[in-house]
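Letters are used for the chains, namely A, B, C and D, taken in the order the chains are written, and counting of residues starts over at 1 for each.
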Amino acid sequence: MSLPDAFHAIAARVNNWGRWGADDELGTLNLITDEVVRAAVACVGPGRRVPLAVPLRRDGVQTGAIPGRVDPLHAMVQLNQELFGPGTVACSDDVVTMGLQAGTHWDALAHVSHSGRLYNGRPAGTVTAHAGAAFASIAAVRHLVSRGVLLDVARARGTGRLPGGHAVVPEDLEAAEELAGVRVAGGDVVLVRTGQMRLLLAGDRHAYAYPSPGLSIRTPEWFHARDVAAVAADTLTFEIFPPEVADLWLPVHALHLVEMGMPQGQNWNLEELSTACGETGRYAFLLAATPEPFTGGTGAPVAPVAVL
Amino acid sequence: MSLPDAFHAIAARVNNWGRWGADDELGTLNLITDEVVRAAVACVGPGRRVPLAVPLRRDGVQTGAIPGRVDPLHAMVQLNQELFGPGTVACSDDVVTMGLQAGTHWDALAHVSHSGRLYNGRPAGTVTAHAGAAFASIAAVRHLVSRGVLLDVARARGTGRLPGGHAVVPEDLEAAEELAGVRVAGGDVVLVRTGQMRLLLAGDRHAYAYPSPGLSIRTPEWFHARDVAAVAADTLTFEIFPPEVADLWLPVHALHLVEMGMPQGQNWNLEELSTACGETGRYAFLLAATPEPFTGGTGAPVAPVAVL
Amino acid sequence: MSLPDAFHAIAARVNNWGRWGADDELGTLNLITDEVVRAAVACVGPGRRVPLAVPLRRDGVQTGAIPGRVDPLHAMVQLNQELFGPGTVACSDDVVTMGLQAGTHWDALAHVSHSGRLYNGRPAGTVTAHAGAAFASIAAVRHLVSRGVLLDVARARGTGRLPGGHAVVPEDLEAAEELAGVRVAGGDVVLVRTGQMRLLLAGDRHAYAYPSPGLSIRTPEWFHARDVAAVAADTLTFEIFPPEVADLWLPVHALHLVEMGMPQGQNWNLEELSTACGETGRYAFLLAATPEPFTGGTGAPVAPVAVL
Amino acid sequence: MSLPDAFHAIAARVNNWGRWGADDELGTLNLITDEVVRAAVACVGPGRRVPLAVPLRRDGVQTGAIPGRVDPLHAMVQLNQELFGPGTVACSDDVVTMGLQAGTHWDALAHVSHSGRLYNGRPAGTVTAHAGAAFASIAAVRHLVSRGVLLDVARARGTGRLPGGHAVVPEDLEAAEELAGVRVAGGDVVLVRTGQMRLLLAGDRHAYAYPSPGLSIRTPEWFHARDVAAVAADTLTFEIFPPEVADLWLPVHALHLVEMGMPQGQNWNLEELSTACGETGRYAFLLAATPEPFTGGTGAPVAPVAVL
């Protein structure tokens, strides 16, 4: 079994291997230039900050369906401990065990491989248990601040939440652009809102996880044409799940991460942002979304904030 | 044994309990208004981004001296796993165990208590093993974007690194202000550079940890007078360690976190920022430094970025 | 609210505080003398070994209902890693995160307190986040080898599995003794079989957890009268759950661990043992069941083996 | 680079692949028959129990030299928590993160591969991050109770501790047999004492780790000739380290685990046992040493107990 021709045809059209050099580990994040950042800063109006992360906690996003991807287990190792003797200043310290992709996160380019290859043609075997991702790990990102654009597909379609079977297609993205009054440009980070997060916020993580609306296999070409730097969504699976094409699992992951070298964000809470953008009419903003720099990490938690 | 009168005298002068209401969990972060954020945005010049976090890895900051505060242990639970059958798209997933205060982090207000009390007079016992910090946990922060000001004390004193026994006093801060050509104002996040991070970057985590230059017990009043929102430093201990006053351990922690309700940052790498500020002459910038929202966390990792 | 008089009346009758000295941390394990061990050895007939632990794995016993008690998360840190260069001997290494009480385990005496006290009257506050249990932790046990006796209550009542609401009473234990042809004696470790484990083995951890048959509040006095060293059962909750007496939660835990100082075992798989005892007619055997010696642990995994 | 001919020559002489069938995962543990267990039981004299595990704690055996093999990190998730309301019975619960090979442990056969093969010729690739060891994991062991024999090499050589450069050779084992007055026989578990543990007990884990006395490459043939079931030692590295033959790293691991299919134990504390055997003159005993049954584990902690 291997990936179908239809996949490879798209892959050929969006492939960025070598575009930024043979040793590049950043992929489309290279598109975030100083100029893009200045444009992002220029978007800020009232100065309102909107956080986009879900809380990191035991009772979080995960259902157990993804093996080993565990919600944060928080535990205490010091509890008002008077380390220097009775009556002295007391400290509390905590430890956590979690899957790096468990909550609101970025996938590193090394998170996915197909046909034995990672982004830029590197062998999949450069990811090891010993060192994690030796190439294109999340630590390579260093900083991720750019212009963010909310493409509120749910709102553009006149609904609070897209149904589970809805594949978000380029026409949806363009309708959302029109609603926003913004044209997605090179270096932008696109936030795609399906409204699926409402299920999680309502306490039903199983319904949130599956079935899920999400990006169609037709969208990578659109993001490629616009030179988007990164895309994040308000779902667990990012792309539509179960997939549009029978037996073609996670094609958007493979196109984005492996072929384009474009990071993906999952489990982003875009509900408060949707409200704020609607209230202010500002759908483009400064987005600060630098992932935690785990050496070798194939992904990392992020606490993104939009500044409107 | 209890805290000395000298401590209580300062505490009385900087105390913010009730200032933002009896239920407030944000403390001085309340000082970051929309207006402050707009001023921060106005500081951005070329659009250069400078990351301030140290890598999160096994071989990180910790020496073992702080019980239970462990560097990240990174391990793999999927390695190019073809979850949907041979030849399909393959994923790698990782898990991590770490102390929330192990790397570049913010202390939550609930991280420290003295005399049985947290910030705003809440009982220390509101931090439990069961739930972590029920009051003033790191998750209360939601977003932390403001104007950042680098006070490069080492540079202002004409050295690359302050010696271990150097207590950073208000006069040092003001000399650094003069060097910067910036006056610290309400809502600012102040980054205090001692140069101690150079020891860690050179591979000597023990020398980095101890002895350490750091903030003097005289500085909380200065930060209070300026209505600073938060302070971060490039050391493990934040304040001078061992302490200036015999047997008075961690007084600055207690004054900032408990009395003022002001978050503290530790293990921030300010070396690249020092160079960038020197090169551009810009010591005030937009700072994005939102902590990971661990429910109940008494601290959290952060991946801060300065935008110059 | 406090514990009812009925509880305190039983507590007074079974209390062992001071029986083995004011500093004793072993409780009823003191009853396992060399002589008892020799008697245990004398029980061995054919030499057949029967393991009593359930597998330690992600998909284990826990349902999430007990906060923080997580099934083992197994992850790899080395995978056929040729540590000394290509072509050399390769090693695989793994790490695990788990609740100490997640699988087949012993509760340490320090696992439970009531009215602010642990076994032998020690303050509950001797258990801290910093050090775990400073008194009567699982590491105090050192070794646990004795005569084991299977009291197969389910079989004695002619059923494969007791219903969820069945409180195992002294009459049940005596009927099982009669079936076994063994009289429980001083220093014995009693294994109480309800058959509830069959639900877990059939894949239904929720039904296994709740509702659960288990020991009645009437049994501690019986164990006390017989000078039993420890008791283990094939259920999650050990005692009947929900409880027999409204609003009296976990009374058997408090009587055994706090009052008597008697360790309890949970999630023991007694199915294969039941078969083996039935086939051989041997219900008394040598039991090797030493818990892992976690310093400060309030419980620990154990891999018990019965030697018939 | 590959393993030298000298290694392969020994490998050919001790290889057990196919001896117990093509699907066998137990290796030499098959040699522990009911008859062997009866003989073990017959060794018990006074009934004295001697524990052989080192405490499991943060400040344990590991120095950081073996990547990812971390000492237990113990943390609290409940601390005298009155789960059912104020005044009710209170519980403390703890979690741990640790390397499965961090303390006193058994290596599973799958812990080591060479030339791409595990025991019984299985591909090394059957160990994955996803599932751990699919073949010959520690969970396959189920029970490990047999006759134990202490070969007190240090004592036989008239010293408390062998020097770091001492390779334990067959002549050492035979001298220790003579001291013991016991002949090692089929199915025995041999415990080899070097006295190196004294360094750890004295608080010097670095000296304990390296350099280390240990088994010579000449010993696997001796164990093979005697049909030993398993071998454990009181050192970190088990075999002499650095190795006897330049650039031939871990040959004994490869011979025992891969070729013979014989489990190895490390970090066993044999000091108290040495004393007990010396006092009683009993060097053969009943040994209960069942590893914790981690599904997929390439090793596991064990709390062994000798019953003299």
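Some observations on this one:
Everything that follows uses one rule, which is that a residue touches a chain if its C-beta (ideal position, glycine included) is under 8 Å from a C-beta of that chain, and two chains touch if they have at least 3 such contacts.
Note that this is a predicted model, so its numbers are computed, not measured.
Against reference pair B-C, the listed pairs B-D, A-D or A-B yield one interface repeat, A-D (criterion: more than half of contact pairs the same by residue number).
The pair with more inter-chain C-beta contacts, choosing from C-D and A-C, is C-D. For the pair chain A and chain C, the distance between C-alpha centroids works out to 45 Å.
Here the spacing of chain C and chain D, counted between their Cα centres, is 26 Å. Residues of chain A in contact with at least two other chains: 67-68, 70, 73-79, 92, 94-95, 97, 128-130. Those residues of chain B whose C-beta lies close enough to touch chain A in the complex are 1-3, 33-38, 41, 44, 46-51, 53-57, 66-70, 72, 74-80, 83-101, 110-114, 124-125, 127-129, 132-133, 139, 142-145, 247, 249-251, 253-254, 286, 288, 290-299, 301-305, 307. Across the complex, chain B meets chain D through its residues 58, 67-68, 70, 73, 75-79, 81, 92, 97, 128-130.
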